[in-house]
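Below you'll find a set of structures to go through.
One chain, chain A, links the two complexes that follow: it is found with chain B in the first and with chain C in the second.
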Partner chain A sequence: MLDSRYKHIFLLPALLALVAIIIFPLIYTVRLSLSGWDVNFPELDYIGWDNYARAITDGRFWDSMGTLYLMVLFCVVFEYLLGFALALMLWKDVRAGRFFRVLFIVPMCVTPVVMAVVWRTIFHETLGPLNDVLSWFGIPGVPWLSKSGPAFAAVVIIDVWQWTSFMFILLLAGLMSLPREPYEAAQIDGAGPIRTFVHVTFPLMAPITLGALIIRLIESSKLMETIYALTSGGPGSSTETTSYLLYIRGLREFQIGYTASLSIIYLAIMIIALTVFARSLSRLMIGRQGPVRV
Partner chain B sequence: MHPRTVLAAGVLGTVGVALTMPAFAETDYVAKYGIKEDHPGICSYASTDAKDYTGHEITILTHAVPVMGEPVALHSKQFEELTGGTVNVVHAPFGELYQKVMIPFQTGQHVYDIVYGGSYWIGDWAPHLAAVPQKYLDTDEMKDITPAYQGVASWNGERLQYTFDGDRNYFKYILPPFEDADNQAKFKAEYGRDLAIPTTWEEYAEVATFFSGWDWDGDGELEYGSTEIVKRDDVAFANFITRVASYAKNPNVTGGFWFDLETMTPQVNNPGFVKGLEMWMDALRYMPPGGINFGIGDEIFSWGGGESLMSVTWDDAFIQAMQPDSPIRNKIRVGTQYGPSMGSHKVWNRVSGQWDEFETPSVAPYVTWGWGAGVSRYSEEQEMAFDWFCFFSNYANTNHDLLIGRFGVNPFRTSHMDPDYWEQEAGWDRAVAVSFTDMLRGMDTSTNRVFDLRVPGVNQFYTAMMAGVAKAMAGEMTAQAALDEVAEEWTRIADRIGVDAIREAYKNVVALEDNVSLDQVQ
Partner chain C sequence: MSAHEPARERVRGIAMSGFKADLYRVLKYAALIAWAIFVVAPFLWALSTSFKSDPGVVGGATYIPFLEYEPTVDGWTALFRDTSSGGISMQGPYLSSLVVSLISTSIALFLGTLAAYGLSRFTFRAGPLGNNDITFFFISQRIMPPAVLAIPYFLLLRFTGLLDTHLGLILVYVAMLLPIVVWVMVDFFNTVPIELDEAALIDGCNPIQAFYRIILPNCAPGMVVATLLCIIFSWSDFFFALTLTFAKVQLLPPTIVILNSNKVPWWSLSASALVSVLPLVIIAFVLERYLARGTLAGVIRE
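On to the complex of A and B.
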């Protein structure tokens, strides 16, 4: 009994810190979302659900959500495929393997906004090197940042370039921790590399894959700095994601209360979507054992 | 008086002069600080040197280096040396300035003594800025500021911003291709008229189209007709306003360009605005590749580098193009025979609901926002802060800063309209100096100017406007549909903020647009 009391006393500071760091800002955001705080009225008044009602009819918000989901889908799928391929390549002993492992991690260490500025130069239609390289193969110049489709692709390319390494690290760590026994059994059974991958590696990697995918989905859905520096959400509204719109509404227009309500809606949708996604994917990849806890 | 008293006084006086003179003589501000001359007055180097702010400290929030950030840092260091005070300079990108200022203002925290930003934010900042004291308004430097920029710095009859910059959007072009006989012959053959400096957007489009997509300066690269700022959420709103002003600012109509002051109906989707946007959408075909994503840096680089023939933006690109290492130095001119920018033979009249015809093009120059800054009402060092401003924008410093394109300090005083200054101090050709100062005067004397919206929540109005414009420019919507959407959003914004509050604030803008005093605006 005494031990239990001590345990709780010792846990209290950590718990209070947790409340202060996570719970309080969340509760404060909810409270803000029920106020009309904006540039002209910086007060924490109470306006009920007005902001939420307005958000329901805010077409720009829902459009940005659609753009975000599409962008995240492309980013994460490509990052997973490339990251897994790279991890498989460097899983076994290869020459200069350690060098390549470090090299593949470099993009992740660079500040996104800095890279966006560099990529902006690379994508420049007349002065950028990318169109020059394409022209060597007879491919006409691509209007990377001035047409909706290519601009969308440009954002995806940068994100894939930067975050494939994250997927690579997680998947490589997963591969290196796999038990040897199933592979020895597969070898005894005479399984070739493809069958071994399909029936041994892939299923064994399912939990770590699921974790990696969900972490990247969460991270990608906050895509903002690249868009800020590269396209400002344009051309038109083709690259305007929810995070970027929240930045505009909150910090450019200073509609603090309304932006808080958008954030809460966005958070709720993300939690629901990710829960459904995790459950579906875990059933698909692992069977009916329930979702993997990340 | 006793002779001994006179003698003693004489001796003391002589000793006093002897003791003090070397101190003044030793401080050669011209040599030490690289200025041309120290204009006497309370803002001068000598007067600032006489002030003692030892133990005092102010913090300034300004833009990133170099535009405005560099001159602020430079003169702050000088101010510290002269007064013994401490000046902390915090730099932030333009997109961050608004929030960095508004958050402490709204939460009542004293963080910055001096804040920099767009002068058009005055509607939001006004409650938090200290009025400029009369002693500074009485200086030669202040009295020399043109009426337009005095108006830009004022709110409800009070001077709240300390003026040190004057911005405007105007037409600029590279001259030699217009004078080339081959070009003139080809243009005449193609369009059936002489090649001339355009005076309307329709002529601008023809000339720009003609000069687009071929190497007209023989440098081995393709050139284009026009470079403008189109990138969403950059400062493209300025180009949009310049474009639509020609069709929507009617010299025969008073009482509001942005709203009808009486009914507070947004005008952003009237036929004048729609026509201006349609012309801008068409302009993409004669801009350099990727032009739709050009921000202000791209524009300065593109036009200043000779990639396009014409441009319509700020002074910065022009001043930068006149730097000694520029490939087009002294080959450029500004303005048309009718004014600083393109005009139109027909302008929408929102009162009659018809287009008014003009025999000579009606020009509506846009006095676009310039840098604005003020002293925080919550500052505990207001005297030092105003003295810093006084020093920052004294004649010596301004005349020095005006000549450095990257500083972003542009003409705002009547004395800046003297071509001799630009010819002698900047080394410009006489023709360029005359062209430039004629444009400045044209902007200053125009009675049909457009100013920024400058009301509380201006960023909401502008981002809504540019979101619609961006959709039209990207071909997602027609100009009419996009601007209808903007007008609906503007109505909602005005309702949220309060139509009466917007109307009261907008009267300040209408006073500037209609060239009348605030109390004359109904």
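On to the complex of A and C.
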């Protein structure tokens, strides 16, 4: 065993930094949520639970939460299906495999908000290339950013473009680390490619899939930057996610106290939702026999 | 990491009849090429747009230079010109982004690898909490949405006079990057046998020397992955740069978004978008070498 007198030198600096920069501000947010701090009255008074009572009846806040969850659902499902399909295709030796792999991870590396600016020109109704290409196939132009349905779809398309690459690389790494014995057994049993996938690859990949899905759920629930650059939450508030609303209420309208209470509610709901979701997902995918040890 | 090579051979060994196999191969390459086109389309569009001038844009979408529009380099020279002469002078924001992301990456790497090594090698107890709980505490900070932290950061930095400074932003980025470093590095240190540390100690190193002379060089791939991820995240951050800096400090992402809302012509907007993501595209090429080799598989499994 190593000399443990040194151990705190290693851990403490990072731990203290994290507590100072994240935990302390979080506690401060709780305190702020009990105050009436706003533009006209910028002070830390105490008004009890008024902000929370107001938040409960704030329809726009709950709408933003609904929009967010619907968006996250669409994005993560598409990203998983496409990412897994691409990973399976590039798992075995493929001509120009490295070329495809490099290309496919570029989107997750580039700045989301800068790409959203580029995408905005692509979605432009009259001058953009997307409607132009659609017209080649006789499809009439779509008002991408001025109707709520297409605007929602545009946000999902951008997110899928960007983050399928992330699913792809995680699942590909997972596929490459699978043991070979189960495949030998499947081959001896004479299983075809589909049965091998259903009975060997998919169950073996369950823990990695679960990890990848949870990471994406966490990251996509922060969705805000694409919306800021692409639609500003519009048209109306049809693409307004909770993070975007918090930004508007807090740092545009400066309703500090009220926004703090919205933040706390949002964080609590998100942690509960993620925990419940992760639990049920792991039960669904891994079943009762417990996690597959690989 | 070549242990999985035989597994791939086995999979290929699973029989498919000739016609089915050919059909599968054709469909597979069609799908791969379709996705590749989807991935590069926005970059090609931006590249094409960056060489346009008014006639190439206002008449509807055009794609091919010389054939459909007369290319100019106006969009690219605008990057270096002042706003007074119709430019958007990107050098300042570029330098700021470079400084902020490199410094915050270095600090996060320094603190994060130390903590990850500690968590990998020593036993920590804090009441009922052990090493795994502390590691989870680090990683779980990724759950925190930036929008929740924006208000306390804004007030805190204003209170300490760090609002609209490089230092304030660096502090925030260190907190954002630390969980990533710890997440990647704990797993890497766990794969290095503890006998290596002990051998170094017998050779007369103290634990800190053993760490950076012996263990760290053995975890070079992990360090590369952690560094590149940190650079990607700090270079790409928009939210904190938007809310915590305004005038004195201007980073790339907010600058480009503001250009977008200021009706800057598409060609200089496209050129600025391309130069700002170029370093990240280069990083993608390096990152692929490490990521596709199962480097992250153990990390995800937790």
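Heads up, the rule we're going with is that the second predicted complex is superposed on the first by the 272 of 294 C-alpha atoms of A that agree within 3 Å, B and C clash if a C-alpha of one lies under 4 Å from a C-alpha of the other, contacts with A are read in each partner's own complex, and residues count from 1 in each chain.
The rule we apply is simple: a contact is a pair of C-beta atoms (placed from the backbone, for glycine too) under 8 Å apart; a residue touches a chain by one contact, two chains touch by 3 or more.
Worth saying up front: this structure is predicted, and the values here are computed from it rather than measured.
When the two complexes are overlaid on their common chain A, residue A:Ile122 makes contact with chain C while staying clear of chain B.
Chain A has more of its residues touched by C than by the other of chain B and chain C. By the touch criterion stated above, A:Pro203 is placed in contact with neither chain B nor chain C.
Look at A:Glu253: by the touch rule set out above, it reaches chain B but stays clear of chain C.
Once the two complexes are overlaid on the shared chain, A:Asp93 sits against chain C while remaining clear of chain B.
Applying the stated contact rule after C-alpha superposition, one finds that A:Pro235 touches chain B and leaves chain C untouched. Chain A residues 126, 228, 251 lie at the interface with chain B in one structure and with chain C in the other. Residue ranges of chain A in contact with chain C, taken from their complex: 2-4, 6-11, 13-15, 17-18, 21-22, 25-26, 28-29, 32, 82, 85-86, 89-94, 98, 100-115, 117-122, 126-129, 131-132, 161, 165, 169-170, 172-174, 176-180, 183-184, 186-187, 191-193, 196, 207-208, 211-212, 215, 218-219, 221-222, 224-225, 228-229, 242-244, 246-247, 250-251, 256, 259-260, 263, 266-267, 270-271, 274, 294.
Chain B contributes residues 95, 98-99, 102, 106-107, 124, 222, 231-234, 288-293, 456-457, 459-460, 463, 467, 470-471, 473-476, 496-498, 501 to its touches with chain A in the complex. The touching residues of chain A, when paired with chain B in their complex, are 38-40, 42, 60, 124-126, 141, 143-146, 148, 151, 228, 231-238, 248, 251-255. Chain C contributes residues 4, 6-8, 10-16, 28, 31-32, 35-36, 38-42, 45-46, 49, 57-58, 60-61, 63, 111-112, 114-115, 117-119, 121-124, 134, 137-138, 141-156, 171-172, 174-175, 178-179, 182, 194, 197-198, 201, 206-208, 211, 232, 235-236, 238-239, 242-243, 252-253, 256-257, 259-260, 266, 269-270, 273, 276-277, 280-281, 283-285, 287-288, 291-298, 300-302 to its touches with chain A in the complex.
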